[in-house]
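Okay, so here's the structure we're looking at.
In this document, chain identifiers A, B, C and D correspond to the written order of the chains, with residue numbering beginning at 1 in each.
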Amino acid sequence: MNKEVDLSRFNIRTDLTIDYVDNNVNLNGVKYKEDTINGLKVTCVNLDKNNDLNKKKGKYITIEFEDVTDSKNEEKVTEVLTLFLKKILNIKYNDLGLIVGLGNINSTPDSLGPLSIDNIIVTNHIYNLDCLSSNYSRICAIKPGVMGDTGIETSDIIESIVKKIKPDYLIVIDSLASSSIERLNKTIQITDTGIHPGSGIGNSRKEISKDTLGIPVYAIGVPTVASASVIVKDTINFMYKNYAFNKEYKNKNSNKLLFNANYLNKNIRENKNDKQELLGFVGTLNDEELQLLLKEVLDPIGYDFMVTPKEIDFIIKKMSNIVSNSINKAVHKIDKCI
Amino acid sequence: MNKEVDLSRFNIRTDLTIDYVDNNVNLNGVKYKEDTINGLKVTCVNLDKNNDLNKKKGKYITIEFEDVTDSKNEEKVTEVLTLFLKKILNIKYNDLGLIVGLGNINSTPDSLGPLSIDNIIVTNHIYNLDCLSSNYSRICAIKPGVMGDTGIETSDIIESIVKKIKPDYLIVIDSLASSSIERLNKTIQITDTGIHPGSGIGNSRKEISKDTLGIPVYAIGVPTVASASVIVKDTINFMYKNYAFNKEYKNKNSNKLLFNANYLNKNIRENKNDKQELLGFVGTLNDEELQLLLKEVLDPIGYDFMVTPKEIDFIIKKMSNIVSNSINKAVHKIDKCI
Amino acid sequence: MNKEVDLSRFNIRTDLTIDYVDNNVNLNGVKYKEDTINGLKVTCVNLDKNNDLNKKKGKYITIEFEDVTDSKNEEKVTEVLTLFLKKILNIKYNDLGLIVGLGNINSTPDSLGPLSIDNIIVTNHIYNLDCLSSNYSRICAIKPGVMGDTGIETSDIIESIVKKIKPDYLIVIDSLASSSIERLNKTIQITDTGIHPGSGIGNSRKEISKDTLGIPVYAIGVPTVASASVIVKDTINFMYKNYAFNKEYKNKNSNKLLFNANYLNKNIRENKNDKQELLGFVGTLNDEELQLLLKEVLDPIGYDFMVTPKEIDFIIKKMSNIVSNSINKAVHKIDKCI
Amino acid sequence: MNKEVDLSRFNIRTDLTIDYVDNNVNLNGVKYKEDTINGLKVTCVNLDKNNDLNKKKGKYITIEFEDVTDSKNEEKVTEVLTLFLKKILNIKYNDLGLIVGLGNINSTPDSLGPLSIDNIIVTNHIYNLDCLSSNYSRICAIKPGVMGDTGIETSDIIESIVKKIKPDYLIVIDSLASSSIERLNKTIQITDTGIHPGSGIGNSRKEISKDTLGIPVYAIGVPTVASASVIVKDTINFMYKNYAFNKEYKNKNSNKLLFNANYLNKNIRENKNDKQELLGFVGTLNDEELQLLLKEVLDPIGYDFMVTPKEIDFIIKKMSNIVSNSINKAVHKIDKCI
């Protein structure tokens, strides 16, 4: 059985830069730093102009966390996101910031952007009034909607408003597609490089960046959906890890598949023969080849659809609180959110 | 008791042109025509450049109706609104129309505009695709939000998008303030003159018109709120009408105040002495003076607030269906709404 | 002009016991106490079994406050409501409380009950699990809906669930009709006498009380709507107060009607002749007669409708936070709300 | 490699009776009939008291269809569902029906029940009024909520209301878990056997049936979520089908994996050697064994979560229209929905 999957046919994208860096420590033009802040893993990737990832020069910060419907986790993530927003944002006194909530308010998994906007403290229209404490920064905010509802390219709406009101910087909030089950609703990426073609959940979008708008564009993204093929790819890998773990740690003399909670965290040497015994030809494919095969299998019958956990309504509500509260704390000098 | 109310102190506005025309048949520059279509009273006012109303030159069409939560009334109003939209809209083949829903989606009585947009059939982004039947016109649509939420002048958002996407005409949907109980949620005004300063429910807004945007601006407005002073003014007038009716028709020899259902429709000669006997000094004031006095009484204590009927959620839902279905039928060549 | 208004024809109701007590200090069976707590006026009325108000024996506590969309006011009201809920509620260890949110979630001014339920910390189904801290009381909660939507008497739904799950006490949350502009959205009434016929905003409802259910029924009510006749009645009274104030304090030699901010707080002696000069026959009516006349004028033409301020969406959101947070703090031993 | 998966450890459930019947024509106590109505596949399964499926005696009707966000499909499904509801419902003149919308209105994929209730035409409270045409049947409706929000067993709420208002029959609407990708949001099951333990999306629920309530309980269910393991199981099967199809039909001399749209509909003979070559040990498992293995792999690491397509908001809206319109047409003698 030959591997004749045509690797170039599909344009598999992941929206998270960190996905490309994992296990690739020797890339050119890529600086990588991992930290644990407040119990959360934070990864900072700095890309030079010429980098092996072929991505835009700039900073990419990824915060990883557990279920945010737990209010303690919600607090932790808010703190860490606030901290790193303060680090990455470069705001001067009197600067006008425009916060943009991308996505569709009527589609739960795509509503993170517009929902977050609802809690942003907007001050631009009252900035010169005495009633406003000097702690507040100049902020305005829009929910441009989605092209399916407006009939207008979202980037055109943003560009035209930027031209008119001349903000000094943009913060764009967006839902992303996840390239792994493990990151789904459990990762926030901040970057100073804006939004790029092909990002987002399936809709090809035009670039929104300093190159197109002339001002810094910070982007905050959370993966809220994953394709069926991502779920299958990860599960097939889990199958082998579970099997190998059981073989190595538990039943040296057996090949039983046993119930066990911790196998993901273990470092397990991959054994090619074992993998092929368990998974056949499929076990010989690397991650990229496997996902291509899965797309070949699922696309023609319409089942490589994007899915989201059934608890998405509660997750999105919490996540939008995290994003809006963190922005409010990072741009305004306030401790407590209104 | 002298009338020393300062008439110039308050700037009492009504958003409905028809309010200025009622009972004023001999105004210069004003052409007035009343009709009954499908059982509904429709009034067309044409204003010349120089007109006694001091309003913008153009057409003002007012449709009056009963409770739209009755589905038969809803159908009737949709038919008549569609008819007059078709008459007033001047759309050429291939023209791009931008529908703008003014107001606040989160404030029920102010949500007519954005709610209507949700049902508009938007085609601009798929206009050149073969899948779209040639019955459809080129339409895009936005909900610009309100300045309190965006921090940006709504007219600036509209202007900048108009510059970018260059529509051939605008249709603006808005909630208005009513100058009489009888028109509250029971009138739709269409005009080809756009939106003007001071219109809307209390927020001073910049003009949105051909003068400012360079393209025709049609406006559809429904009065969804009324001030307390409007309610009191109307009721005081009703008190006298009820009294006079009873005196003239029912109890020629009595001045009892009796329960009766039809007094509003009757033509009753006003008797100044009777009115003053019933209402004292207040009975000697004309409508404008009365409302000024009421504002003087209510404003300083904060009670000239805007109110809306408690059924407003149901009314707005129906009204937004009427507006969006009528626009869809008027701009697209479709009989049935999607 | 004779007063031949038939006082018995209309059944004018106010839902607030305090309305009957104002200025009536010498009623039998009525104990009345006024306090200022945290800057808010709190009135406690204790009614004996036989009382001149012809109302149910029990405690009626009324808290008065200013605009709750101001977050400082919101905090104050939450504190005071929590305090008095703790006083009036008589809960023993292990008691099961059923919180009932009356009203229509789809009608903003009537949605206080169901909206409040959304934030109640419900513990009954997990009460015996170890994970639940001993600070929590046993609580369950329902939104029974309205008869127009369910086709079932709301009191029947409550009664049947009470029979089945046997709670030890009920707390019922409801929207009320206001009998004065000044109390609209600015008063909370707590009582241990339950909900009684004719209460609520126009829908005749069956009694929900210890008499019908056999367990203590506490009720929390907020007036969120007022009828047009209430607005007119209050305004006509304001007209005279404004006039009298101006005459007495400002322009002893004049009868000008002047703009002034403070006249409501002033004690002004009523002068019958002045009142009649200003308001004619209408000026000779007492409050009850005036409102009857207004109902006679407005009812037959359909304009004695219930209205609510146009900001009602924002007010109800805050008010439901106040009610649910206060209940959570009063029944559970927690300081901070989840 | 031995198959030592313990088949009894997991209780894999599917909520659709049809899943057990597929390809099992020789079951005892099972009558099976397939039809095509209006282009849709409809399967009627009649179970005798003693049947090999170990399921409740009664009728199970399954309607299969394509994407209901297409309005033509929506119409078709409404027609067929109405038809079969009329067949299965056994309503006498004057019977009172109680429609129950199970599920959580605040969780999109679980909101089918309560959303459907919003459109049910409820008549019980006005059934004896002259205004109601004799076309209407006696209907009431409730949304009992979920135990996580109420703290009360949902079946207790239903049981207590049934006792009080004594309906003649129940119609229960619920969201289900799908046991295959292909049925997700593309199947409606009607049954006269009510709701049974373990049904629904993960929450163990008490039985709601004639046995527990004493009246006929009809249930309408739509699978709106699927577990990750279902998606992986189906995809692994698709992988082999795709491979076998390519081998057999396209490239007799090749084993390339090629892009092809139609392989699912083809009858392909399974070749055990081929399957094991492609999928190794995993290829030797039958469906049940495969899903058990997947649960063993995914459960301990928390990834056998329930997911729903990202378009779920739009799908649920349409599906609830279909369900409520069909019920309205089936119980009332009306052609057009209000």
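In this section, a contact is a pair of C-beta atoms (placed from the backbone, for glycine too) under 8 Å apart; a residue touches a chain by one contact, two chains touch by 3 or more.
Predicted model, so just to flag it, every value in this text is computed and none were measured.
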Query - Least hop count linking subunit B to subunit D through chains in contact - result: 2
**Report entry** Between subunit A and subunit C, centroid-to-centroid distance (C-alpha), Å
**Finding:** 48
Report task. List the centre-to-centre spacing of subunit B and subunit C in whole Å, with centres computed as mean CA coordinates. Result -> 33
Query raised in the report: Residues of subunit A that touch two or more other chains: which are they?
Result: 106
Query raised in the report: What are all the chain pairs that meet the touch criterion?
Result: A-B, A-D, B-C, C-D
Query raised in the report: Which residues of subunit B touch subunit C in their complex?
Result: 1-2, 4-5, 9, 106-110, 181-182, 201, 225, 228-229, 231-232, 234-236, 238-239, 242, 255-264, 276-283, 293-294, 296-301, 303, 305-314
**Report entry** subunit A-touching residues of subunit B, taken from the complex the two chains share
**Finding:** 106, 117-118, 122-125, 139-143, 145, 147-153, 156-157, 159-161, 163-165
